[in-house]
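Each of the two complexes below includes chain A, the first together with chain B, the second together with chain C.
Moving on to the complex of A and B:
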């Protein structure tokens, strides 16, 4: 496998795409902080249900819908797309084209998301998990997404290299498949809703698709691109990578039915999900095998990607384990399922994206991060916050699940026994919010320094890669 | 397959269509035409269509996001404690939901399941219980005061005013009246009753615990 020209660490691709890509990353980081505030409010309400309840906008159901929506469609989408386009441009070998489309798309995507969140706050949520944005902004989101994706698809079609790279497959798959997924889910759930429980089945398929056909490929594209760059080594066992890719794309969506175990749906749906979860273990295993050299590499990007990879693998294994009826009997309908979701989207997806952001931003701005201390602070706090969040949600869920299965335990006793862990969840959300504020401030300062010294901004100078890395401890 | 751009996109599309067709269309083919069940003993069909006020109440339930803490799906008696908690004598089946515009199955049980709220035995809550809980909240449940009007009594006291005592009582000369949204929400909650029988939902004997064909 070949990696692109390494002569100059800041290439023409980077300078051409600087502002559009930084716009996407800036939007993503801003939404991350906003969703952090919302998640904090929602987590306080779980142990103190009267918190902020006098205002209809901050009802728990609405706040948690807004937190989840701004996290996925605000943070993960913007950051993942920005990194995906950058990677496709770099691996395609020429500056990104049609970036004005991406800028317009990003503006409309974020405007639509803002409008949609206000809609959720005022009571227009659709009540489907991860598809909460009101009907009236949904078509806008599809169009805006397509506009953002144009330059990525052009970069793929106009690539100058013969071979292709795993990062390209994942990025193109995410760009290409998500609009189909969103349109299919919209038509079957919002425009011409299917009957009864079929809505739950379709919604489950969509939620899983958001993860396996969109967010995971975006994050894996970032990881597959950055890891050999930071380690300077080729992937081991690379011959399995295509099979791992197609396993995720073909099998991934079938695992969505695991949330419907024992529910009012045909039994083949959760059973098929169980089988699909076991097949998908192959994908998780190969990804870790391919990228394992990152575990011994130094640098902030490598650390984030190492932990993100472990979280990604563990979340896949937990999906498999909890898709068995005997385990689901305890974990279903509890905070444990939420812990799994946070492990996947915060531990897996977000940490991989953070790693790639720490790698990409210095190359886009042409200079190192403004503050090394902030980088260190962000890393320590995020890793602590994610561990605390997933750990305490998981424990709360395990306690809750056993208590729920004993009909003699009243809900007041369940609330009392999970309360310490829910307080820890609130603390974790506080830590994560602080961490992400550090990242946002550091990002803003780094970008600001480029704006204010335009004399150097356009230069294509060779820089030692080591000068771009944030110092590690 | 990956090197050739065209086949790469075809592969992606095929993968997508297989997943979509397998799950969304496959289940639609199986259940899309599910009809109500005519019970000879009762002389009527179940489930019954919800009244208009209850259907509007479901929209309030959805827009407040009640499903983020309450499920509406009872699991079968030997799978979890749903029956022992009095949430329902039988498991929920697909047929229960065919008349619902937007079924609220839910995925988290911070609070109790509500599938059969109005059919619970021995005692189901009545409208006054529910309105009071919505107004005052509790240590376990948020209050939703924005669903009520605290207003001056003009002329006669409203018939629907809440009877509140002690520290919760409104100021003298005032009354707390549920808004239309509160009333439709409560009408919806009181319409949640699945205490009828379906052949596919009869408790299975442990010897034939398998659920295959349960939905035919």
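Moving on to the complex of A and C:
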């Protein structure tokens, strides 16, 4: 059995944080599978409307709300926070403190989410996208999030070196920005609702903020850390990284107005969103320029991050293109908008997180993944599933958008013409569910092998990492 | 130094230690403004690109923001100066077509033929081109029970309440009701006279709040 303590690659940061961080990752992966089941049910109902509709809990509106909520607040939040804390600890240079807060926070976060999902199922959902958790669990979520974040903030404040790395900026920004978004949105929409159109504006701002100011920074923190760790090379054009970071932070949430094109809002709100989307292109471009060494790197993490990086860039460019009113005329309120969302959260965020998880878990457990075949199976299936999902939704949406603009085409004909693509979407959800089950099983086996301390024949050893050389110029 | 080969999918080896990763990147950002020649000029193409994006964003914002006026909803419009607003006469056919495509089209279809056996046609219908008294009441208050149109009996669906009366499904103003009635009396080869806002208002004032009509009540009217 390899002994982690003698190995410089697995440090005290990892051993101290092992169980709390594995708890976060385990919750994230479990929610990923649960949300996969819900998404599968919801997508079947789109082409077979009678499926499971006899039970109010499983009607389409509730199931799709549960699928979306458990994906973002279950999978992406838990996994992103786990990785963020790990990175802050590692780059901070000392073991994470106050991890008992994180454990308690994680337990309450997941308990609150479970309660909230039951609330959605029984009909207590709010009417705002991504904020569907019933009002009574929302304060609990804020408190639980704060508790999870404590050790990250302590690690940032107590960091050993003056210098900081881009991964730390993004992780700390995500820790601080999400509570701001959530508190502002729930007080303006749920506790003392603002009037009329302002609600739609706030909801659009929140939906975009969750992606741009919370999930994207978490995923970027993971990618910015893992890529130089696997390539061993300093980022090219790294001097632009701060500018890309601040562009995202300042401009990111202003792109929320693109969800309101065609809505009853003053013209300047969607216009401002378009301007913000164009500025944000700079952020997407610099991130790709910085991380581009990953395209030539080998390894599982590098492959996930390569594809995730492309998806992230393409989703940013699509946001810009569809924020023009002429394009939004076709894509707005169709499956195309869903394709964009899936490209961002599944293609961009999740693939980056998967890559980082494949890198992080062996260091947290102190040993390699249990099964190499499962790793490769997961990778193949996930990439296939995401491509099929985004491709079919995008095509269905494009057809649907053009047909909807033609008053002569009856509604039933539109539904019939998108049906083949919706069947492909169901297939994609099935593939993704299978893939994520492989990941969960592999994760459980890897963690179990630590619990039982059983030694395996042919155990892979961590190689001693070398020193990264700064560019000489 | 070389990057390690990562052939086993079970474990990605690290190519650099955390300390050196931090130090090497920090050196790029360089916090030594005093040391001469340590600054690299921003590579020019990225600088140009960012400036170009800022220029585009600023121009676009200036062109399509309606001067940030909260009353401008059309990105190509400019706010109207106070007192300069003039009422524009709306073409009832345009307004009516818009209402038709938002509401009526769901049952009566774009061609005005309805659905055989379920929704009665409007094209060539005696109800549409005939008595104005009946037609206005039918649309403002709605209609339940069977109805005979062009010799065919329809009983599957009810006509919803459209006008601005109690329990209305749509609450359309008298002007909009008049516009949509004018539209359906003019479209698909129908040749009825237009219906004015005043006619609708008069009937609504006369009948007050009441429940939807049935066929026989309407047929008693002239």
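Operating definition for what follows: the second predicted complex is superposed on the first by the 446 of 473 C-alpha atoms of A that agree within 3 Å, B and C clash if a C-alpha of one lies under 4 Å from a C-alpha of the other, contacts with A are read in each partner's own complex, and residues count from 1 in each chain.
Simple rule for what comes next: a residue touches a chain if its C-beta (ideal position, glycine included) is under 8 Å from a C-beta of that chain, and two chains touch if they have at least 3 such contacts.
These figures come from a predicted structure and were not determined experimentally.
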Fit-or-clash call for chain B and chain C when the two complexes are aligned on chain A: clash
Chain B versus chain C as contact partner of A:101, first or second or both or neither: neither
Contacts of A:313 with chain B and chain C, given as first, second, both or neither: neither
Partner chain in contact with A:242 - chain B first, chain C second, else both or neither: both
First, second, both or neither for A:264, with chain B first and chain C second: both
Partner chain(s) touched by A:407 [first = chain B, second = chain C, both, neither]: both
Which of chain B and chain C A:325 touches, first, second, both or neither: both
First (chain B), second (chain C), both or neither touched by A:209: first
First, second, both or neither for A:54, with chain B first and chain C second: first
Partner chain in contact with A:163 - chain B first, chain C second, else both or neither: both
Superposition clash, chain C versus chain B, among 6-14, 42-50, 114-122 or 168-176: 168-176
Shared contact residues on chain A - chain B and chain C: 162-164, 242, 264-267, 272, 325, 407
Chain B - residues contacting chain A, complex: 1-3, 5, 8-9, 11-13, 15-16, 18-20, 22-24, 27-28, 30-32, 34, 62-69, 71, 73, 75-76, 79-81, 84-85, 91-112, 137-146, 211-212, 214-215
For the chain A and chain B complex, residues of the former touching the latter: 45-46, 49-50, 53-56, 59-62, 64-65, 123-127, 129, 156-157, 162-164, 169, 172-173, 176-177, 180-181, 184, 188, 193-202, 205, 209, 213, 242, 245-246, 249-250, 252-254, 256-257, 259, 262-267, 269, 272, 325, 329, 333-335, 337-338, 400, 404-407, 411-412, 415
Touching residues on chain A, where the partner in the complex is chain C: 8-9, 11, 90-91, 93, 161-166, 228-235, 237-243, 264-268, 270-272, 274-276, 278-279, 281-282, 285-286, 289, 297-302, 325, 358-359, 362, 368-372, 375-376, 379, 407-408, 410, 460, 462-463, 465-471
Contacting residues of chain C [partner chain A, same complex]: 1-29, 31, 40, 42-43, 46, 49-50, 53-54, 56-58, 60-61, 64-66, 68-75, 77, 101, 105, 109-110
